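So that we are looking at the same thing, I have put the structure below in structure tokens.
Chain IDs A, B, C and D follow the sequence of writing; residue 1 opens each chain.
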Amino acid sequence: MAEQQAKWLSCAEGGAGSEPGSLVRFARLEQLLDWGRANSLWPLTLGLACCAIEMMAAGAARFDLARFGAEVFRPSPRQADVMIVAGTVNWKMAGPIKTLYDQMLEPKWVIAFGNCAISGGPFVFPGQYAVVEGVDKLFPVDVHVPGCPPRPEALIEGILELEQKITGTRRWPRVKTA
Amino acid sequence: MNELIEQLKSAYAVLVVPARADTQAAAVPAVVQPTDPERRGCHLEVTVTPAVVVDAAQVANRFGFAIDTITGIDWPEAGQMEVVYDFFHPQHRLHLVVRTRVPRDAPALPTIQDVFPGANWHERETHDFFGIKFIGHPDLTPLLLPEDADYHPLRKDFTNVSRSSN
Amino acid sequence: MSPGHPTDSSVSAAAPRETFVLNVGPQHPATHGVLRLKLTMDGEYVLHAEPVIGYAHRMHEKMGENRTYVQFLPNPSRIDYLSAMHYMHAYVCVVERALGIEVPPRAEYIRVITSELNRIASHLVWFGAFLLDLGAFTPLLYAFDDREKILDLLEAVTGSRLTYCYYRFGGLCNDVDEQFIEGTRAFVKHMRGRLGMYHKLVTENLILRKRLEGIGVISAELCRKYGATGPVLRGSGVPCDVRKLEPYSVYPEFEFDVPHFAEGDCMARYKVRMEEIAQSLRIIEQAIAKLPPGPVMAEKVPRVIKPPPGDYYFAVEAARGRFAIRLVSDGTEVPYRLKLRTPSFSNLALFGEAARGLLMQDALALLGSLDLVIPDVDR
Amino acid sequence: MILPEPYRLIAYLVGALAFVGLNAAYLVWLERKVAARFQRRPGPTEVGPAGLLQPIADGLKLLGKQFVVWPHADRVLFRLAPAFVLAPALMCLAVIPFGHALCARDFNLGLLLVFAFGSVNVLAILLGGWASRNKYSVIAAARVVSQNVAYEIPMLLVVTTLLLTAGTMNLRELVQQQAGGVWNWNLVKVWVNPLMPVLFLIFYVCMLAETNRAPFDMAEAESELVAGAFTEYAGMGFGLFFMAEYANIVVGASVATVLFLGGWHSPVGVMPGTFWFLVKLYALVFSVMWVRWTFPRTQFYRLLNLSWKLLIPAGLGALLFTALILKLR
């Protein structure tokens, strides 16, 4: 454990928050905060289409997102940390979803869950008039989880991937394997 | 069952647009045509002129039909748009189709939403997709398309709307 | 009973009341997706409710005119992803009707088994989500637990957890194995026990009964005027089920009841769906017992699907009600027009009228009891 | 031995803050674990052993989250509300005797103080909801006020009834009266007042309602009002509301323990008193969680009906009945 912790700390050293020449360094504090953020990713309750059911399944007993502390689905964007865009976004929804993104407070992240959110998925064809071809056209996306719909395991992997993006290392503490 | 169909037939047979002196239009009777439900999925097809769709809906209402759906079909070669009203019966195995055709350049026909309030959304949707105007409809703002949509995507000559990808 | 509504003439005769518009959605936990409700409220009473839809419009009908019959196969399962099997069933059946293909009996039986499994899965999701609307969280997880068992069975056969693309024009893409049959048998037994538990845990709960009984009454006449079908119509006392009324596939060969309750309130719709799970189990049991051997694919299916010109219509009983496809063919490889009649659309249409005068809390319970899938409304 | 006043108060301040903080943090953890067990899933496991670091991660996250006061919100009240909601709960803990000698302020009117400060909680949620200027929040705030006003009355009626037989408002003395075995606890003292179990039941229901817990969670009716009165709060503002909810549960459960369950008195005679106090306290807290994860939410008007039409008449009846018994005895 201690060894891993040391590794985790050294990994994130020189990452965000520690500028080389600055007098005051808050790297350790930043790392601590990042650890907290990574382990407490509260998603926004935002189900758009098919993928939302798999998102619900990921929170249900079999897959249990709660193990990683990410099961606290908040209906209010103010309290959510990560927006899981689960499903197709069309141009009518583009405005509201952008508002939701703006209403979320920093630090915030976005997971594009499913092909529709990544690129428009199966609904893209020449002459299509409704679908936004990828939510990264609307706001920055941190993790893409492909699939139509992706399996719940894929969402868990997406969350772990996002944690890695936040802390700079693949999850501490390690996930126990069965 | 069969007698119900017969009654329906006779009810629709009298649906005639009366001849009007000011337009020289002749009286047009409704065309009632029984169809094979195994092959086509409906029992009775009634073709009427747009002027009597409300009466046609009233007959369906009198016989206890429920509104199934309303849709449009675009026939650019014929220069027409077809509006198809589907009615199903909640108690009997009976499916009724009422068809009417409107000119493509000025598609308009009366609304049946006073007979079937459920037609409100179906007509709005048909207006969204085909641009068919339902006269007397309280609110024809786009239902499924964005509120400011001015295109009718299910018309055969529809091409992609220009969409700035911001 | 709920207290007197302000729409009563006795109350509204007083000084004009101040109303406000509450915007529920498109992102709101009670709308199960991207439905938006514009509620004109007087305090907590809903004076006028206007659903605003279209936030999940995905051009399925336009796509129908853009792709060949085979290319459109994955689409129906994405319209109502919770009852994907039924939607696939309607689509392949309408094309089979146009082409005049006879489907081998084994394929029909397997279609019925998978469809009914899918219906149970869909009702389980509704059960969980509805209870979540009412503020009980735990039943959701129990329901999803049971649903995973169905998903495992279907995944082994179809390769997909949610959006199955299993039926083909003329049959199925592959046969089921012994494991599936055994697993389904075991599931039927398991689910019967669980249903008893659900009734003990939820149906008999006093708070739940008080929240549902007499709330959100929808009359049979209202259903007829709006074309509402499925459990909503059956919850208003009309035993209308496409499986019985316009039998398709091999449904006439099974014994099952059409549960219907005359009360028309949220509890009636709740009971209809719970009873339907039991009836679906009955159908599955019979279908497995009678499952004939043989091929699962018709022999004379043309390589290129070109239905003769004409207008074809096919309706099935999906988990939410009557799903119908109107296919207009012009004899080419691409449908000329593919109209999808989705049950949620009509079921939601009556919400505005049914919710008038209810408390907001009860209106949202009514909304939950309609069992909406928003992409099914918006297509 | 009881420490002199100033030391006791300093010890209380530090202790109460730590107690409330840890309680809030670990009751959240417990709630998540308990809920998970009810739902046949593991709950938080990966963040620290058995997910024990989960509340710390949540706390850090909330601390590091941006806090914004919306331009349309009431700037002062919006900031004040979270503080208002937590402070009264801290005050209440001052008079609660956790053990024979573990009471920050042995106060003659202890019970009065608990109820006086306990009611401020409502004001804070009202302020929070009002200051947010969000329709959902305002609806929730209005609900909370009428709910808490309605349930304060039966609760006070029950307590008054109890005071008739006890004759003191000092919480320590109340506990001392219940010394000498389980049968002396107020809950089972039916020979003094045959209505004691009923009183406890009313008190328990009122406690659930006062702390806005399911099935009476109108303040945060998630599936209707988004996040209720807290919809616009983010970061630690929301965190404080969260902490206050658990602090209020602890206060409510403590008062119930003191009034009905014999306070620090051990049912079997082993282990120190504080241990037993906490056992009773957490058993009650657990039951509160159990209720939450089992029942659906009630309707709002039914909630008010329950209080005005059932609990208040029942409370009044119990009060009259008890007065009669005492007079006749």
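Things to note:
FYI, a residue touches a chain if its C-beta (ideal position, glycine included) is under 8 Å from a C-beta of that chain, and two chains touch if they have at least 3 such contacts.
These numbers come from a predicted model, not from an experiment.
Considering every other chain in turn, the ones in contact with both subunit B and subunit D prove to be A, C. Set side by side, the interfaces C-D and A-B show unequal numbers of C-beta pairs in contact, with more at C-D. Among the other chains, the CA centroid farthest from that of subunit A is the one of B.
With centres computed from Cα atoms alone, the innermost chain of the structure is C. With each centre defined as the average position of its C-alpha atoms, the distance from subunit C to subunit D rounds to 43 Å. Note: centroid distance subunit A to subunit B, computed from Cα atoms, is 47 Å.
Per-chain Cα centroids separate subunit A from subunit C by 31 Å. Work out the mean CA point of subunit B and of subunit C, and you get 26 Å between them. Touching of two or more other chains is recorded for residues 28-29, 54, 57, 59, 62, 141-142, 145 of subunit C. Across the assembly, subunit D contributes residues 39-41, 222, 226 that each touch 2 or more other chains.
Within subunit A, the positions touching two or more other chains are listed as 60-62, 75, 92, 127-130.
The list of touching chain pairs reads A-B, A-C, A-D, B-C, C-D.
On the subunit A side of its complex with subunit C, the touching residues are 44-50, 52-54, 56-57, 60-62, 75, 77, 87-88, 90, 92-93, 96-97, 100, 122-123, 125, 127-131, 148-149, 151. By the touch criterion given at the top, residues 37-42, 64-69, 71, 73-74, 84, 86, 88, 90-93, 95, 97, 116-118, 120-121, 129, 142-146, 153-154 of subunit B touch subunit C in their complex. Chain contact summary for the complex, subunit C toward subunit D: residues 2-3, 20, 22-23, 28-30, 44, 131-138, 141-142, 145, 205, 207-208, 210-211, 359-362, 364. Touching subunit B in their complex are the following residues of subunit A: 91-92, 126-130, 133, 137-138.
Contacts from subunit C toward subunit B in the complex involve residues 53-54, 57, 59, 61-62, 65, 94, 97, 100, 220, 223-229, 233, 238, 240, 245-246, 310-315, 322, 324, 326, 328, 336-337, 339, 341, 345-346, 349-350, 353, 378-379.
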